[in-house]
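Can you keep this structure in mind? I'll have questions shortly.
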């Protein structure tokens, strides 16, 4: 399915609006849409909604042998997927330009900035290290996937707990969460991406573009920063002409936005931690907006069991009992038996059968074999390789595969 | 031995749903059963690829996205079950030569995943306003080592169970649309589970009705 | 930095350069006869080859055709022997498809694509030997190849990397300096208008240091543009002498 | 008739079903003739070929040594794989396995796990060190419907035919020693046999559908039964809804089928043993 293209008047309308410093959803130029971070019941699972854009991140881990070049470091792997749910234009298992850009940007933002202490993920040097895998699923595409993905990934990483391990000699014991409390990853800093969209050859700039705005933009500038005002990556894309001052100005805006978002993530993390500690209810079920008209929830409901047994009995008694005596199979040749007095097997029939035409050449060999079995079977069986050796008396040119004597 | 008791087993966990929560798809819904949660999105009827076109009805594609890693053979089997169930109830002849796409994203798996997928799929199809001859719902039953039947089992209960069955029940005659099982069980147990699923389906169909009522309460 | 001193007390770098000094740049244009434009470029030990075909009609899927400008198609690949460890996939992995994409975006900004509606320009770049600054070598080589093909551009596109060590920006990093884990900024500049066609930066850097770093990279790019200009002029002279005869 | 068959296949079939018979002359509850050959492939550790009507499926079992899974160090592996290559029917395309092949593989895996044909513990040689991996490759040579039944029969027959050599771990060298002279049969605990049914027009139930019947049917059901009349799987991937009575009919028929097929396998095995 194709993406609905933007009409020319929509395009001019949007550009005009940008010029007049107005946005479709009534935001100011530098405003972000509402950010909502919710954590799942699992450690390391979180959804982030940025306006209508929605992503789901899940962190998982497993023990793997390390890379030869870095025997004492754990491995962090990012995999962002554009689910076809997010937009009809996304097709599963296809490497689109957008997918490559997002994945690489996520890697650069979170791996190259060394925000995770990979050395602490080493279990046995050169033998076993933790591989941390971050899966990010885009569920709904309404622009600015990069920012949403980076917020989701870093929140999920900060939320994640890996199982504790103990090493005794060469044996590695992995403790279940019941045995020992799982361990959080050590995260040095939290890089967050902030996207800027440029219009009219860089004259106008918007923070957090929505999908419609992204469609008319000249290009994007993504700056990843942490709250210590350190830039973790910069990436421009889309063939725009930028001036140095614009980049510097964007980096200043980014630093403000990043500190706001970091506070939000920390607040969400603390909130989740508190609820878990107090033994309250957490997870996605709790975060469902109950007041919405489209949402409904029911408490645990017992299922009426009376009558179930009677119903089952009824069907059982209705059904006829299977007959004890069944027809016996016929042994056609050593190692080959047949059930049923069928004539339906077209392979066994003579050549003049009309239906044979559709059978194709490849069946021929089998057919000959079958025919032989059905007619007077001539068995020459002293070969060890095969139990049944059948020669077709009518077809002297038997295929070479079968031993003749 | 096959005696079932009205123990703690025969309950449906807390369940809920939210419809129309994604802006892009034509219909979307999430369904929660306890901690198990599935998000479904539907696109269509829309233009179909030529090689997938069917001349007298709509082509339905179902994609099940696992939470971690790539989709595997297990997801394919689930896709087949969900697709054929939906095909049976959708009046796809009303949209010939078009495509319907149903995407299911596993958000959290705490048992009874296939039934949750089915329920989310049905809610999303309803939200998309696609014509259906009847509704369907999924119910999972587990038989534990004491031969007790547990409805809507958690992941822990699934692991400890001897057999696991998931049925899709239709809303018209409460008949079995789909059946998928694991483990071994007697005929009687199967019949009991079917009967129990039919009972449990009443609750879910009532839930469907309530949520539609609530949704359109402001209009009616 | 562990073990490796990138900048000595005397202000010299690993390969003996000063902080703002560029590596030696050598280039030749028109190295292939059958291509519409081609160039070979050496930037220090990094060797890149660029070939340009087009503008020609859109090949492959017709749906890519743009009605108001030309499509730019880039493919970046690295020879299997270009790095210390043998590269298994010369192109097609995440990093190289990203590089292809970046090259494409860079030249979409610089080439006057609106002059060739409904057509396609192919740019193929290959790294023969890699010693840091692959992106910039590719951009510089591709610029020369485009000039050789006679495709109109706004300006030369010059690209250069810059790093940051001990409060000093370093221009045109070599492989050892890049892999040290410090900051690397790659910048493609159209020198005359001082507009940036592409900027990419990795690893941590305090916001206050961004300005001097970008300044250093831009100065380096301008320096490069002079070299590229002289290469083009020299090539033109050679060609015009040949044609006169 | 031939014209109607290609132009109006559904009507063609309906006209037969009305008379309680099928285009190939069978009754509604009749299976096609089933032929079984055991030990057809010499290079495999166990093999069997099954023909149900035209549907032909061959299964080869290869046993290999490997390290046990880390989460279950006292178990081995059984890896089933169903291949529906383009040569068996024009409906399959070359390339990676399609949905039907993948779903069939998953179904076979579920049956193996569910019925516990073989105790996976039996495949373990030394805990967390060495175990057997049984690769059960099932290939369809001719596709004419009802592959699942054929797959299960051929798998069961091939497993019964499989012999694995004795393996001991040398205490001193810590290496595995394979004794090819002493081979043993696998311990088969359960004998699951499947029966497939197709539903026409939401009402008529037929047994052992051909490819044509499968494509016209509104639903397909597969029931797997073992010798204790326990169900190992009751698989209905969707399609028209059926009442519990109808399902009961299916199960009753499968029980009969199990007895027939059980006898067939036993007899064929006997005949191979007798010849030795």
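By written order: A, B, C and D. Residues from 1 in each chain.
Convention: a residue touches a chain if its C-beta (ideal position, glycine included) is under 8 Å from a C-beta of that chain, and two chains touch if they have at least 3 such contacts.
Nothing here was measured: the structure is a model prediction, and the numbers come from that model.
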Neighbouring chains common to subunit C and subunit D, by label: A
Most centrally placed chain - per-chain CA mean versus overall CA mean: A
Dominant chain pairing [most C-beta pairs in contact]: A-B
Subunit A and subunit B: spacing of chain centres that average the CA atoms, whole Å: 20
Centre distance in Å when subunit B and subunit D are each reduced to the mean of their C-alpha atoms: 27
Subunit B-subunit C separation of Cα centroids, rounded to whole Å: 54
Centre distance in Å when subunit A and subunit D are each reduced to the mean of their C-alpha atoms: 31
Junction residues of subunit D, two or more chains touched: 244, 247-248, 251
Subunit A: positions in contact with at least two other chains: 311, 315-316
In subunit C, residues with contacts to at least two other chains: none
Interchain contacts (touch definition) - all pairs: A-B, A-C, A-D, B-D
Residues of subunit C that touch subunit A when the two form their complex: 94-95, 97-98, 101-102, 105-109, 181, 185, 190, 193-208, 210-211, 214-215, 218
Residues of subunit D that touch subunit B when the two form their complex: 99-100, 102-103, 105-107, 109-110, 113-116, 190, 218-219, 221, 226, 229-244, 247-248, 251
Complex contacts: residues of subunit A adjacent to subunit D: 311, 315-316, 318-324, 326-329, 331-332, 334-347, 362-363, 366, 370, 381, 384-388
Residue ranges of subunit B in contact with subunit A within the complex: 4, 6, 10-25, 28, 30, 32, 34-35, 37, 39, 41, 43-44, 46-47, 63, 65, 67-69, 71, 99, 101, 103, 105, 107-108, 110, 151, 187-188, 191-192, 194-196, 199-200, 203, 207, 210-211, 214-215, 217-218
In the complex, subunit A residues that touch subunit C: 95, 97, 100-101, 103-104, 107-108, 112-114, 202, 219, 221, 225-226, 228-244, 247-248, 251-252, 255
